[in-house]
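The following pair of complexes shares a single chain, chain A, combined with chain B in the former and chain C in the latter.
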Partner chain A sequence: MRIAVLLSAGRHSVSGRPAPVPVELQALRLAVDLANQCGGQSGCDVTGLHAGPELGPLADTLGHGLGHLVHLRTEGAADPAPALAAALEAGGYDLILAGRAGQGGEDAGLLPYTLARGLAWPILADAAGLAPGEAPGTLSVEQALGRGARRRLVVRLPALVTVHPAAPPPLPFAFAGLRRGRVEMREAPPAPAVAPEVEERAYRPRPKLIAKAAAGASALERLRAATEAASGGGRLLVDPAPDEAAREILAHLRALGLPTR
Partner chain B sequence: MSRPRKDPRAARAAHLVPGGARPRFDLAALPAASGRPRRDPRAEERLALVPGTLRRRLDRAQRAPALAAAAPASAETVDAAPRLRVIAEPAYLVALVPDAPGGRLSAHDRQLFGAARLLADAGGGAVLAFVEQPGEEFGPAGADRVLALPVSGYDPEAKALALNAALAALDLRHVLFPETADGGDLARRLAALSGEPFFAGAESLSPKAVTRAARGRRVEQRRAPPRLISLAPDAVAPHAGTLHEGLPVALAFPQPTGGAIVSAEFIPADPAKVSLAEADFVVSAGNGVSDLEAFRALAAALRATPGASRMLCDAGLMPRAAQVGASGTVLDARVYLALGIAGAPQHLQGVAKCEHVIAVNTDLHAAMIERAGLAIVADAQKVMPALLALLQQERAS
Partner chain C sequence: MTDLALLLSFTVLAMVVIAGVLAARRARLWRVGRAAKVDWAAGLLALPKRYLVDVHHVVGRDAYAARMHALAAGGLLAGSGLALLGLIPALGDARLYWWLTALAFAAAFAGGGMVGRRRYPTKPARLSGGRFQLLPFLLAAYTGGGFLVALDASLGGALWPLGWAGLAVAALGGLGLALQIDRGPMRHAFAGAAHLVAHPRPGRFKGERATALAPLDLDAPRLGVALPEEFAFNRLIGFDACIQCGRCEVACPAFAAGQPLNPKRLIQDLAASLQPGGTNAAYAGSPYPNARPVAGIGGPGLPIVGEGAMIHPDTLWSCTTCRACVEECPMMIEHVDAILDLRRFQTLELGAMPARAAAPLMELRYADEPGGRPLTSRTDFAAGLTLPLISAKGEAEILLWLGEGAYELRYGRTLRALVTLLHKAKVDFAVLGAEERDCGDLARRLGDEAGFQRLAAENIATLSRYRFSRILTADPHALHALRNEYRAFGGTYEVVHHTAFLDELAAAGRLSIGALDQARITYHDPCYLGRYNGEVDAPRRLLDRLGIARLEMERSGKRSMCCGGGGGAPVSDIEGERRIPDIRMSQAAATGAGIVAVACPQCSSMLEGVTGARPAVHDIAELVLMAVEKADAAPARPVEVPA
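Let's turn to the complex of A and B:
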């Protein structure tokens, strides 16, 4: 299985300095684990792909288990999508992994979808685990949903899969891996620059929506509205028999639709 | 100099009373307002005064004109039931695609309805909801029209194709999605499919502009609302005030074709592995629980994630990762069962977001009993075995 991992030029979430995007390193780990599972067969490899003016700290990804990194050099503000699409089409990959959203660029998470549409491949979002499917040419994807739930999907390859932060952590950095890895530079054909149609200004955190008391409420009521969610009913049982209390609790939980088997 | 210099002659000429043979100046009259208006601190205070409270209270957070306009309106609508608003001939359509897991609207979905109403009411438009199963809930939530999508099971690609057909056929001005796992995925699929401009994770929304964070949350992007928008949670207030008809409409969708997904299987969360912040149902023990074996067995039997108050974590009876509260984990759970917990403010902060709380405590006056939706004044050491026995009995039968 030939796997490509898309790597973007990110910024560190705290310091703001150029750094690899954590979720893309997690995608790299999933790819390396999957390639190791096919047991040293030939034609089983992982390639990293980056399109941008320079590689910068992305060379570090070689230390996180990547053997071969392809750098598609584009002009400063050029759209990376055409260069990536051309390289992916020519590469003959079976699986493409990407992060769920970048960090430091547009951060919209739209690029994998436009690439998948251009290649006419299926796309699956938010993978937290990958395994080879039972039938040959399929992949079993564990998709992360909210609240720790998962969905297991089996998809026919080739496919593009984006990775969720709930995936296993990246492989630890190893200097020997960085020395061993190979970087290949290719010049990408010139592409039109993306025209910015948005106005940008410094980020200002907005207050989150909170429950509001009515305008005439007292200080106590306003504090209540800010700290307490509405709780229904408000039933009080004083000194019930333990069995009765247990039945009440269970009936209440069932009414809330909890699966207490 | 930033301020213009005063010209005393011009100031005097402003007081000139026209007419009459001799020039006459009325120096007592106020000259016509020029430049910066004067503030009237007393008038501002009068506007900020909150009526109907015992103690004099000033609400300076509210903008004065907004308060003046809102106060009479709210006095009327207090006891009047929300009225039905029918939009028969909408100027345009604003569509939204709620997640509605299990056919019920989540809090995020309701905020989505609020955002759609905001965009629709600005120009006499109507709100169209794309749903999987039509229900009663959508009209009161703010939908004028409801359209059922022809999808079954997990097939986001078919859903995106159906939406793309509707986007072209119905000439929708905006389509809104929640920025959740499924909603965000669908929005991006539709954006790639239709090539329409897409605004991901809007953090504020008005008919004139939407904003979002970009470049690692260092930059705020702002533009006029494009056709496709996904809305971040807690950005817009849910719709309230009027009911809408939720009229079912029909549209001929193209036949869906088989996708690349061979099978899809839902795996419920394993409560033992889920982190406390993510858990849906948490059972917590406090200082009133001495039988921890029974507590652990109960948490496993109820399929809940175990938590604890700080007293138990400090005593080393429960791991620190299980601590609920201000210095532990702030829960996002829906249901919280508190056994022998007094409900200190630091602990209650951790359960502020829980929708349903059940408390078992021997003290009738404990704060946890007051907070709970179902409060049981009883000994936790007796209730826990009874609950376990009841669960075992049900499983056996």
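Let's turn to the complex of A and C:
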């Protein structure tokens, strides 16, 4: 299995200095563990990919278990997506791992979706664990849901999977790994700068999402109201038939007063 | 010369030959080690002094052991030497000469008796059994037999039946001793001498503390030590010099806390790894407490650390690097250096540090601070106090290095007390503020030499921009790094600990000190101040100025016990049975003192973490401030540091 891990130019959350993004290091660990499980078969490797003007401390990812890092050098503000998409397409990867979102300041976490759309690959969000699927060419993904819940899904490869911070911690940094690892620099073809797709809208008051207890209610009632609102309500259906699931969703939407035809 | 005496001389000759062959075989194994710079001529010349003064100084702490060793070793060497020289006809024919020889053997016999008395009927737990339990009998046989032969020769053969019996016993015992030379207890005799000559820290014999870790060449093909041959050859000699007296295990805080570390066993495991096809089966001393299972096999070319090797990684990470074992070792073995060499490989090559140690090292890499806290908030503790920044002043007489403790609420009170005292004494001082990075001590002790060297280089670059005459710090770990370990990277500073500095101020009359009511105070020596830097007097002198009764703990000064906070042990967090600070606090409580005076942020937080009824913990700076505020006739504001 050939695995690519997307690495973005992050910043340390406190010092603001360039640093690898922790959740991407966790993705790297999942990739390395998965590659180790394939038991030394040939064609089983992990490559790190970064598109950006410079590598900076991303070279440190070599110390976290990565053997081969490809740096696609782009111009300052150029959109990294085309360069990455081209490299991913040419690389013949079976699995692409990315962090849930970068940590560079303005990372929206949309890049994996852009890439998946460009490659026409399925994308699966918030993996906390990966294992080879039972059928060849599949991957079993443990998906992190809210409140520590987990859901096991099986995807057919190739696929793009983003990793959740609930995944196991990164492999510890080993300085010698940084010396051993290989960095490959490729010039990326010039790409337009990221178009700022910003839309201005007038401010409108939003409804409060937290249910309010009646004024003057006791602390316990206020707490109950707040926590019950967060707990969502609804009914849990395990493995329902598609028709039944659709009916339930429509019934729920009607109950909320949303117009349905 | 009697025939018997001649035969005794030949017996000694045979012993020397056998011992020489076995010793040479063992010494050949040392050659697999890495090269090291050793001044052989100086070492050889200094050997008698190193042995008779430096080694004796340590051995002599146990007077019985010193007398025992002087008699046994002195008598054995003298008797055997004289018996051997008896082959020279002019000497061997003199009856007086044999009388002298008999005297030497008698002394050795008495020493052998003391060895036996120590081991029988009950052997103290710290001494090893196995071959060591045989030693008194071999000594008695050889020296007793030698005595009878020499006595017979001095009387011209008058006691010949006794002489014959003596010769038989002496030959048996002597050959037994000679055969112990490469693996048994006698190995320490020749390996110890070689170790003293080629000691990796010769400065220790010249009155230096010589405690700075050796820098690691980060461009070397492999970093740290994984295989026995990756130790320098003189380190390998050091492992063989161990006589398994167990003084290190008595001193070791991790051993006392039931963590899987026993310095004696560690050195024995390292020595066993040098033997091709070596195993740890021959070891007969106390085990690692709560030992994690290991295969116990090793040899040149085989890894030392791992579950399938000699030493479990938990053993390495239990060490607090307090150097108590090194301080107690009569053979001057450097246990902590060996542990650090092994840790460096684990961290730098394998990234196999304990799980909880990975996070602080990562924060250090990208935030220069092990807790990942902003450097700008290092001075937050001083809210409301004037804390001059050196970037604003450009120069100051004293540069105050705040250290990691500044982030901690409890230690912040200590630093507030120190800053208040500096203002009261009108000291011209300044801090680096947000420009101060972590000194790198934690990274270095956890084996992350790359991280340490980067921090050292960046701190040195920062310090070079400012002019100051001395660095003042309340953190002995920072003191040790700045004073001793930055020198190898081009940073030479005069660094003073706050206890020494406050003592100086008090001596110069710049602080007026009143008497404290708290009568009973005991002082806990920080390892990195006392043992690493030899500063045990200034803190005591300063305490004595406060008008208190100073009580000493069972272990104090350079032989003090660690609080458990050094060497990254709090982040490694290896499970044991007890906590080291609890043990230390019970020693403090045993003195009957109401206050434990500390002088280090690590000691402060470790000892403050002890639960239950116990003496209060105060840094010396807080106590001095209390005394100074007592002296002020009418304090302008309430006492800041509570009693």
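Heads up, the rule we're going with is that the second predicted complex is superposed on the first by the 193 of 261 C-alpha atoms of A that agree within 3 Å, B and C clash if a C-alpha of one lies under 4 Å from a C-alpha of the other, contacts with A are read in each partner's own complex, and residues count from 1 in each chain.
Note that a contact is a pair of C-beta atoms (placed from the backbone, for glycine too) under 8 Å apart; a residue touches a chain by one contact, two chains touch by 3 or more.
The structure displayed is predicted, hence computed values, not measured ones.
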Return first, second, both or neither, reflecting whether A:P57 touches chain B, chain C, both chains, or no partner chain. second
Report for A:L171: first if it touches chain B alone, second if chain C alone, otherwise both or neither. second
Of the two partner chains, chain B (first) and chain C (second), which one does A:S15 touch, if any: first, second, both, or neither? second
For A:A77, select first, second, both or neither according to whether it touches chain B, chain C, the two together, or no partner. neither
Contact-wise, after the overlay, does A:L153 reach chain B, chain C, both or neither (first, second, both, neither)? first
Applying the touch criterion given at the start, work out whether A:A193 contacts chain B, chain C, both or neither, answering first, second, both or neither. neither
The answer to whether chain B or chain C touches more of chain A is B
Is A:P122 touching anything from chain B or chain C once the two structures are fitted on A? First, second, both or neither. first
Overlap of the chain B and chain C footprints on chain A, listed as residue numbers: 12-13
Chain A to chain C touching residues, read off their complex: 12-15, 17, 19, 57, 60, 63-65, 169-177
Can you list the chain C residues touching chain A in their complex? 218, 222-223, 347-353, 355, 357-359, 361-362, 365-369, 372-375, 448-451
Chain A residues within the chain B interface of the complex: 10-13, 16, 101, 103-110, 113-114, 116-117, 122-126, 133, 135, 138, 142-156, 159, 197-204, 206, 208-209, 214-216, 218, 227-240, 242-243, 245-250, 252-253, 256, 258-261
Given the complex with chain A, which residues does chain B contribute to the contact? 50-53, 59, 62, 67, 70-71, 74, 111, 154, 156-157, 180-182, 184-185, 188-189, 191-193, 197-198, 200-201, 203-204, 213-223, 234-237, 259-270, 273-275, 278-281, 301-303, 332, 334-335, 337, 348-349, 352-358, 360, 364, 369, 371-379, 382-383, 385-387, 389-391, 395
